[in-house]
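Take this structure first; my questions come after.
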Amino acid sequence: AVTIFGIVDMRLSHIKNSGAPAFNGVSHSGIGPSRWGLRGTEDLGGGLYAGFHLEAQIKPDTGESNTTYWNRQATVRLGSRSLGELRLGRDVVPSYRITTQYDPFTANGIGSNINILSAGPNPNHAPAALRIKTFNQASNAIGYFLPGEAKEYGLSGQLMFAPGEGGTADKYSGAYLEWKHQGFSVGGHFAQIDPATGGSIVKYTTKGIAAAYQFSTGTKLMAMIQDERSKRSTAVPYEERWWQIGAVQNVGAGDIRLSFVRRNATGTVKESANDATLWAVGYVHRLSKRTAVYTMYAKLDNKGAGTTFLPNGAQSIAPGGNSAGLDFGIHHKF
Amino acid sequence: AVTIFGIVDMRLSHIKNSGAPAFNGVSHSGIGPSRWGLRGTEDLGGGLYAGFHLEAQIKPDTGESNTTYWNRQATVRLGSRSLGELRLGRDVVPSYRITTQYDPFTANGIGSNINILSAGPNPNHAPAALRIKTFNQASNAIGYFLPGEAKEYGLSGQLMFAPGEGGTADKYSGAYLEWKHQGFSVGGHFAQIDPATGGSIVKYTTKGIAAAYQFSTGTKLMAMIQDERSKRSTAVPYEERWWQIGAVQNVGAGDIRLSFVRRNATGTVKESANDATLWAVGYVHRLSKRTAVYTMYAKLDNKGAGTTFLPNGAQSIAPGGNSAGLDFGIHHKF
Amino acid sequence: AVTIFGIVDMRLSHIKNSGAPAFNGVSHSGIGPSRWGLRGTEDLGGGLYAGFHLEAQIKPDTGESNTTYWNRQATVRLGSRSLGELRLGRDVVPSYRITTQYDPFTANGIGSNINILSAGPNPNHAPAALRIKTFNQASNAIGYFLPGEAKEYGLSGQLMFAPGEGGTADKYSGAYLEWKHQGFSVGGHFAQIDPATGGSIVKYTTKGIAAAYQFSTGTKLMAMIQDERSKRSTAVPYEERWWQIGAVQNVGAGDIRLSFVRRNATGTVKESANDATLWAVGYVHRLSKRTAVYTMYAKLDNKGAGTTFLPNGAQSIAPGGNSAGLDFGIHHKF
């Protein structure tokens, strides 16, 4: 009844930031998050089911786990095929489900859209104005998922409320809704976050829409636009819009992935130094359903005096410079 | 040969302490400890067996594990069906086996007897005079268990010696013995703990007795009395007696649980401010052998200027005030 | 496809160092490393395979895991039966594979050869001049292993390069080669380590050779010699040679293990105070393929003013004194 699952994904990586020494080394999780977990579903009869999901990050380059061991997910759920699912625990937030799904690189590795997004978990995401803790997952979450029967109409969706609890956890309220019909899919999300601690962020909102179309020729095109707004205690709100266009082309046992992402500071304050673009191209060659080898190139360009750079390389960059990366990796699922 | 096992138990919780803001949020482990583990037994022939047990706490509300990863148990054992079992490693102490087993709430959640016991792992247990590290588990333990054949006579028991080793671990010596006959069971335990570090506790003893009777009507009644004595370096010994009466009533697919616990400071110093009572009522509805939903109400009353409160809510209370909690939860075993 | 594996090994231990109080307590991993892990291999067809290996230390005496959770191994590999295997991640270094394999005690417990080796992970290994982080495992490693087909000629070997990455990890480059023919085997290794941080060690090299012969009478003899050289920033290089002779005698369901290890400071500076010898004798009685009980005695003698001592006992010793240990343990594999 218990399934053990996971991924070990390792890559040889070259990263070069303007004005900083090149990095040549070993990194992880180029096309998928290295992890392990336990999960299971129990049929309770009458269309009811119960289940659990525990998922822990692995950093196989150093053997480390996350400080929060089950950081990727720790939930129990009770569901009905016709009424939907109640889920309690630490879970992936609705917004992030859209952000990953409409990125040709599924928000992994050097081509990931979150590499230039100011919000997010990596310290190299400038500026701090959008840094929130619930970008990927939220603790103490109460979730509702549309039932399996809604999928017959192409619909899936999630409502999440994480009350924050006055501690160090952010308070999160958000939802996503997605509709799929034949090769077409469209999804939208909205979330409001009240950071728990008295940092510079008072209230944070994110909203976005994304669409994709799978051609019968093996080409999939996708596009996404997302707005981030951070109300700050000591300054006018910081507003950022980012959009991405992507493509995945099936070629036999592999696929070619292309992505272009652009981030713009908008609103009352144009912190234009923070604008940036990222384009990336990759090729993933599947040796089996579980194993793939891949190569990838990504280039991040800062505008003005921006200092965003790709993760895992040097931790500095010349203002307005660029950051380029080249990866060769092995991805293995179990 | 290896069994993966575990529990994910999550609850929506309302906790209100006198003079403190109400807590409304998500907590875990309302009727059972959230955890995962690996265990196995090997038949060596001739009535001999070997085995191991590794068990780790999970806090699914935040995804955290315990700082001591396998804090719940990490043991190897060698046993004989007729001579008994030798067990080495970190293990549950004998006293705690009785404390949990004769509590209708099995020492879990807001109704747990240990919520008003001064000894124990939670910081809200006042006073510090009884706070020991080996309340639930002891490290470096050598254990002996009565053999499987003794169970034919209704007997089970454990001797434990944990030498402490001069480090930060408490030195523990204790035992429990339990006898079951038809619906009746009675158990007693005794333990002496020598805290490792030069805190205020010099020597700590705990002893208790408990009994239960399972009526054929589906009612189970249980009662327990326990004495704690803490010899202190800078003060006269602190003595505490606590007793509990409980009932579990089977009603179809569910059971109703009732408990009343009272804690009294006794002996030469009557630190009566620490006296407290706790009563609790709960209903557990089983959806299957592995899955249940539950609701529970508990009320803790402090006497004098006592400041004990239920766990997981506000971390303060008006002296002599009360702490009340209401839970709705999902419990899933794997 | 996923295999769960592990060991829980616990022992009752008496350790006495000259001039320090005796230790009598519970320790772990007397004849094998307590651990758990997940591993799997996938056949990709055409002689190709992929796989992963995750392995975590367990300290069952206290229930703790290692701070680096998957400290023993976290790798993904892609291999060909005829061309060899590429392995990426945190892995065991080539030198350590020889060091463990030609020690009758496989570098575990009180008889382990690494108990007197100055390099290594234990704080009781004097002097600090040889203390490196990549003695057992290296992070960020790129490994190449000789193919399965080479084993038909008795050959196995590993090349490893761990680029260090400018962080806190040591930079490791090394290899081992081993040849087996009938009962005979011989292995050699060489490694150079560039410590990452500006400690006293500038460059460290280790090289060694070992051989063993398995007699048809059930006796296995083994011998090993190893040279360690540490170039220091503030002093002349520290040089150490250590050698070991060992024997394993099969006696029915058990085996008797004997070892003698000698460590000599050599080279330009004779830090002779650091010289030491260790001899050990043990008996391992197998109750099954997975379970064994054992007893072991080891004695470590310091020369001059040496202060090396056996692990897990008192953390001090009279200069030039000796450290003796006696163990009784249970070893269980799953």
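A, B and C are the chain letters, set down in written order, and residue numbers restart from 1 in every chain.
Basically, a residue touches a chain if its C-beta (ideal position, glycine included) is under 8 Å from a C-beta of that chain, and two chains touch if they have at least 3 such contacts.
Small disclaimer: the values here were computed from a predicted structure and weren't measured.
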Chain labels contacting subunit A and also subunit B: C
Same or different residue numbers at the subunit B/subunit C copy interface, by half rule: different
Mean-CA-position distance for subunit C and subunit B (Å): 41
For subunit C, residues that touch 2 or more chains besides their own: 4, 69
Interfacial residue positions of subunit C with respect to subunit B in the complex: 4, 6, 8-12, 23-26, 28, 36, 58-65, 69, 287-288, 290-291, 293, 330-332, 334
Subunit C partner contacts - residues on subunit B that touch it in the complex: 1-2, 4, 38, 40, 42, 44, 48, 50-52, 54, 68-78, 86, 88-90, 137, 139-142, 162-166, 169
